[in-house]
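Note that the chains take the letters A, B, C, D, E and F in the order they are written out, and that residue 1 is the start of every chain.
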Amino acid sequence: MFLHKQALQYKSTPEKPDAVYARKLQEVIGGQYGEITVAMQYSFQAWNTHIPGKYRDLLFSTAAEEFGHVEMLATMVAQLLEKAPVGATEEAVQDDPAVAAVIGGTDVQQAIVAGAGARPVDSNGNPWSAAYVTASGNLLADFTSNVNAEMQGRLQVARLYHMTDDPGVRDMLAFLLARDTMHQNQWLAAARELQEESKENLPVPSNLPQSKEHQEYSYQAINFSDGEQMADGSWARGTAPDQLGEFTYVPTPMDGTPMPPPTHPDARFFGTTGVPNVAEQAAATAQDKLKRE
Amino acid sequence: MFLHKQALQYKSTPEKPDAVYARKLQEVIGGQYGEITVAMQYSFQAWNTHIPGKYRDLLFSTAAEEFGHVEMLATMVAQLLEKAPVGATEEAVQDDPAVAAVIGGTDVQQAIVAGAGARPVDSNGNPWSAAYVTASGNLLADFTSNVNAEMQGRLQVARLYHMTDDPGVRDMLAFLLARDTMHQNQWLAAARELQEESKENLPVPSNLPQSKEHQEYSYQAINFSDGEQMADGSWARGTAPDQLGEFTYVPTPMDGTPMPPPTHPDARFFGTTGVPNVAEQAAATAQDKLKRE
Amino acid sequence: MFLHKQALQYKSTPEKPDAVYARKLQEVIGGQYGEITVAMQYSFQAWNTHIPGKYRDLLFSTAAEEFGHVEMLATMVAQLLEKAPVGATEEAVQDDPAVAAVIGGTDVQQAIVAGAGARPVDSNGNPWSAAYVTASGNLLADFTSNVNAEMQGRLQVARLYHMTDDPGVRDMLAFLLARDTMHQNQWLAAARELQEESKENLPVPSNLPQSKEHQEYSYQAINFSDGEQMADGSWARGTAPDQLGEFTYVPTPMDGTPMPPPTHPDARFFGTTGVPNVAEQAAATAQDKLKRE
Amino acid sequence: MFLHKQALQYKSTPEKPDAVYARKLQEVIGGQYGEITVAMQYSFQAWNTHIPGKYRDLLFSTAAEEFGHVEMLATMVAQLLEKAPVGATEEAVQDDPAVAAVIGGTDVQQAIVAGAGARPVDSNGNPWSAAYVTASGNLLADFTSNVNAEMQGRLQVARLYHMTDDPGVRDMLAFLLARDTMHQNQWLAAARELQEESKENLPVPSNLPQSKEHQEYSYQAINFSDGEQMADGSWARGTAPDQLGEFTYVPTPMDGTPMPPPTHPDARFFGTTGVPNVAEQAAATAQDKLKRE
Amino acid sequence: MFLHKQALQYKSTPEKPDAVYARKLQEVIGGQYGEITVAMQYSFQAWNTHIPGKYRDLLFSTAAEEFGHVEMLATMVAQLLEKAPVGATEEAVQDDPAVAAVIGGTDVQQAIVAGAGARPVDSNGNPWSAAYVTASGNLLADFTSNVNAEMQGRLQVARLYHMTDDPGVRDMLAFLLARDTMHQNQWLAAARELQEESKENLPVPSNLPQSKEHQEYSYQAINFSDGEQMADGSWARGTAPDQLGEFTYVPTPMDGTPMPPPTHPDARFFGTTGVPNVAEQAAATAQDKLKRE
Amino acid sequence: MFLHKQALQYKSTPEKPDAVYARKLQEVIGGQYGEITVAMQYSFQAWNTHIPGKYRDLLFSTAAEEFGHVEMLATMVAQLLEKAPVGATEEAVQDDPAVAAVIGGTDVQQAIVAGAGARPVDSNGNPWSAAYVTASGNLLADFTSNVNAEMQGRLQVARLYHMTDDPGVRDMLAFLLARDTMHQNQWLAAARELQEESKENLPVPSNLPQSKEHQEYSYQAINFSDGEQMADGSWARGTAPDQLGEFTYVPTPMDGTPMPPPTHPDARFFGTTGVPNVAEQAAATAQDKLKRE
């Protein structure tokens, strides 16, 4: 159950409107790594979790916080758009090229569709898609996904921080940066704890017996490009991070196996199947079949 | 530049056709964490890399290998579909309910659209989307994304392994499992090496001065749900994984700040703006403006 | 700010698992008119509202309730999937056609991707898209959108009610049906109240002076098909619902205006532009331009 | 059957080209509430209607008219683009910042993909999606959807009206505004007529016996936020619009039911399932199962 | 302007319902090469055409016909669904596995969302997308696109023909096959006529002076794979179809040029940029810049 | 199997950065007809081919070349973005409107998401979608699709050529233009060769016996619009390109067949079904059914 409180976790008011920046901020609302993604991702991970207790509590808590971040950003966007220009382009250009320039950089749907409001889309206007969400039921995999989401998210906020000099916006972003720092650390801590408690281990999923895989290929760094420095990395020698194997370096791919011959499905799929004579035979066969129907 | 070789990295031939399984296998071809995703993701990461050398060599190499995995799987799918039934449903049901059951579980587009062939879609027929790709230019963030991708990928292959008992399919999957083990380990090793060489550190991006963020919130585990065990995790006390702060636990969210008042954009956006009298005034103003145009 | 409480608004436990039904229930989680849509729609409407007070309070409240409905349904889906079959298809078909039939009707991504869990997708596996959301800043338009959403939603729940006979599932659906009844009524009441308080009126947006539109066409029921009964409806005669005009019936479309001549953009767009001789001239001109560059 | 006539319902010619405005106009061609949406929506509603006669006649007629509106807008867009600039950006900027500003606001795909032509996309370039369409077979629900579509559509046209001062464009928009007025009124009239004729009633679907729902919750205004003014609306007291119940106000959500325990699907889904010892047991069990395969 | 006539171009009534086949038929309604695609594609090509006359007349005519085909198919689908089963799955399985099998193969959204009606989606439930449409303004390119669309369309109808034995359905498909034959031929004829009239030629766009391209590569068949039979095709020797060059065969790709060095964007993008010492310097520089802000 | 070589097929370095053009170039990377499309399309066609030998060799070869073109373009984009501005908008506008104008025309996700890098999206930021891919198993259809893809591709490159005057960019585009010339010719040659070898013929699929279609409609040019010049084309008289029929011209569509009566699905779909009295009866029936459950 979710309860709503009419307050923001942190102050979210710009010093002055900026419709171009309002578009850019959409990225962290409705982009691949925006706040909607993490709010929904942590929610579904919680709902799909198979163990009660601290991990699920953490997922529910962080999900709720992230919905609040969507709210902070949407509130900010609406304020940045408060003085968004409506006027005709021609007029604007004649009066002031700088104004026209600004218009070129705005999200026209924030104006036409939302009436100067926030939208659940990214900075190019792509609607948020649930295809961004990861919730597999395996917590080590999912916490790693969460670490990545918080890294990409903080990276984007850091970039956005330098695309404005509005003190109000920067104040809010400085808060979001801090929470992203927390959340990166928290998911890393949770991933470690899972491994220490031996609930999960590397490689994911660790409870698939490794005898099921062709282990001779499990620690080979095979080079499919011609970059010679691939041999120099820690992935080409020494013990692997999962502590279960030793890396070896293979400078050139194995020969591989010949491709199997092309398939010949039923003639009623009308694929292209043959050299002329064979084709005629196939056609004849097909005709026969077809006549029978 | 990419060169193609008419061979497969590993044998990919089923013992017998299975059109239902051919649909399931689409997940690891064209799903969120299928082979197209990793092939494209590592390619774009390589093209967006700002440093030459071993990391980029690793990206190019793994990208090329993953395109070969798409090929192995597509080849397998075509063979699984080789005897896919075409016939009319009614007929099939009358003859044999089991056949009809099979038809219900197949991907009808593999038949109607591809003529018994593989498609760049997932197991529910969603076309592969480049929105799955992550390539930020920050290697620590991106390698973490890659670790996650290989974890989710190996998890899905492990599940698929248990959805067939065809020895030929399992043989190929056992190979893919091994390569996923390698790739999980390789990206973990690369992420560590980046940190050891001090090119990147936690939290990502590490070269944003931490003074830019509101550090009082950077290590607070704030509970937005009512699960009491959130306090028991390693994320609620002790040194954070980034070694830069100490976790503290905050059992209840701060009061927050009051929401700013709603915005009042230009009347020509025709939003709903007021109590009646004010509305009349606003309308009057709007009328004035409109008349002037 | 959103707070989470580890309880469900209403009991959501099936009597027994049913993986086929778990797929169908996805429609009201992640479909066009599923609970994610209304939760997000009401949230964005609240954030884009220009007036504080009762309407915004209603939006925030209902948004929070709907997120709780997503949770109830996701919890239900996970339980319906608890005994979802993993086994190989071939085996299943040989053992029991009925089991195979069931497999054909399941969402294979609930198994392969979510490990027997709920997903933010519809019953055909399409990821939820924010393109479903409506939040225009005009409350009469948006409340009408909400009435529609609750109508479509209750209609789908009513259909789903008859696709199961599990008492636990029906118990939960009976609760959701009741809440959809409330929400249909509530948005209708709110839309009426807006009009009574004269904040908004028909036609939306009412504060556009009607003199701006070509009023001679504002109440014409023009018949573009050949169905003679179109003349019999209340839209073809009498006072219009907005009380501002009288409907008239026009049995055949006006002749209209001739299409303007086709456009001739710059030759460097390489469109097809002419009859031969003219084409040669155009080509010559284009060549000239191109040579100058 | 559809027949085409080479004429436009109303004159659609701009006074002068305006490539920036050509982009904005895409919203009402290919946006969520653009003319393609209503044309397709009314068509599918007509094809899915279960009753012949006046309602279906109205649907077919309006669908055909709306396809003609797509044509009017596409024709207009092509003319607005007739002098769209092709030239190199650098050059443009050096010559005239205002020209460069204009370029920034255009839809680059109208140039690169369509060669200065209209496209079936919205003003941010998102391709039109059939996911916008509503056609449920229940006419009261669908007519309400249509009312909303015409409201959102007229609202967007009203906004677009104020983003240009080209008399030719405004002339065409004034016509579209009038038709949207008609269509809002017409669907409202049709919805009323359905209720008066007792074919449908509130709540939708009205032929589901209300005893099927948990009626104690059917008229409760439950407050899930902390806005105190929610109690002041007409949805919190008095008779509901469906005339079947009395609204009551519930200031705080019920306690709800405890969440059911997390699910434990088959171990071969490789989800995270337990505390260490239990995990070991589970792993052992899983191993056993796996060995048997 | 489009006018609607309440008749079908050809009889579209099945002999008996078949809900599984109703799903399959969705492919040619709302798939990549379904009737919605060609109807919309020919419409937009007509609206973007730069020449009046016979080609545009042909486009408008065929567009209108194709909208009528959507109608025929939607009408057929509704009838195929007329007896679609609603009942609970469990019950169905217990009673008759064959019925359950059928349920597994149906489109559940046709039931839940459309109430046993047609939808603007493909046979896997993907909503039709305007991204399928091609309308470039260059008629030779677009007519070639149309030839392809009609080929893929006829191929799919041919496959569907063999997936049913219902005489009513086959009767309608036999009509659609004939029209696809006509349309393949018509676009081929139109493409030829364009070339004969010298309005367009190969290669498209023919009015780009060929001196603009690096002509030494314009007729080289370069082999990037290791298939030796590539040299045997008519593309490897002789005069090219455009009559402007002679094919030559290049058995191995050229060496190519070295990749340019990786880019170094502004430090405020926080990309990974260097070896440690350099990194320190870069960091220092970045810090300096950041301090100044 | 794919191997990567760290070289580019042709030099791809701009003379100077141009962030606006970097956005435009995305069209030919990740657009409907960008290089990702052709690379993936030729790959899937090769994997779905039913005949070994020269055609498949050609497909594999061209697929590999096209992946290399993606690389050339991505490399170019990264360089065009190397000096992309990060700074705050306000500041930029104050300093120099021309700079602000440029910002308006850039792809903000190249900055915020990719850190000044290329992305797998089109010039409006739509992620590349596998829905663009065509691979049907019928080579004549697919080669025709390929001819179209290369035509549209070369057309877009020609347009892009005139949107820059950077010699480095133009040099690369001149190479791509040449390769598009080759590929247009090559697929045309391959399509002809297929027909000459009698593997495939018109109409596609040629091995469907023409007796299956209603041949009286196979060569009729029926006019559904009112353009009189449709009768003047080569599609209205003479022998059809498939050499199997004679075109005839039909100036007005046939009357057609009456629409079948609307469907009446099970009452539990809650569709709108009747005039009042009938409705009451239907409701009664529905109630009966519902009571029994």
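In this section, a contact is a pair of C-beta atoms (placed from the backbone, for glycine too) under 8 Å apart; a residue touches a chain by one contact, two chains touch by 3 or more.
What you are looking at is a predicted structure, and each value in this text was computed from that prediction instead of being measured.
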| item | value |
| --- | --- |
| Proportion of interface numbers common to chain E and chain F (over half same, under half different) | same |
| Repeated interface matching C-E, over half of the contact pairs identical, chosen among C-F, A-E or B-C | B-C |
| Between chain C and its twin chain F, rotation from the CA superposition, multiple of 5 degrees | 180 |
| Separation of mean Cα positions, chain F and chain B [Å, integer] | 25 |
| Euclidean distance of C-alpha centroids - chain C vs chain D, Å | 6 |
| Interface hub residues of chain F, defined as touching at least two other chains | 1-9, 32, 48, 55-57, 60-61, 63-65, 68, 75, 78, 86, 97, 100-101, 103-105, 111, 113, 115-117, 121, 124-127, 129, 131, 136-138, 140, 155, 158-159, 162, 165, 205, 208, 212, 224-225, 227, 253, 256, 262-265, 268-271, 290 |
| Touch-based graph of the chains, sorted into line, ring, star, complete or other | complete |
| Interface residues, chain C side, partner chain E - complex | 18, 20-21, 23-24, 27, 31-33, 97-98, 100-105, 122-126, 155-156, 159-160, 162-166, 224-227, 253, 256, 261-265, 267, 269-276, 279-280, 282-283, 286-287, 290 |
| Residue numbers on chain F that touch chain C, as the complex places them | 155, 158-159, 162, 165, 268-270, 290, 293 |
| Of all residues in chain C, those that touch chain D in their complex | 5-13, 32, 53-58, 60-65, 68, 75, 78-79, 81-84, 86, 111, 115-117, 126, 129, 131-132, 134, 136, 138, 140-141, 144-145, 147-148, 151-152, 154-155, 158, 161, 174-175, 177-182, 184-186, 188-190, 192-193, 202-205, 208, 210, 212-225, 227-230, 232-235, 240-242, 245, 247, 253-260, 262-266, 268-271 |
| Residues of chain A touching chain D in the complex | 1-6, 48-52, 55-56, 86-91, 93-94, 97, 100-101, 103-105, 107-109, 111-113, 115, 121, 124-127, 136-140, 194, 197-200, 205, 207-209, 212 |
| Chain C-facing residues of chain A, complex | 1-9, 30, 36, 40, 43-44, 47-48, 57, 60-61, 63-65, 67-68, 70-71, 74-75, 78, 113-121, 127-131, 133, 135-138 |
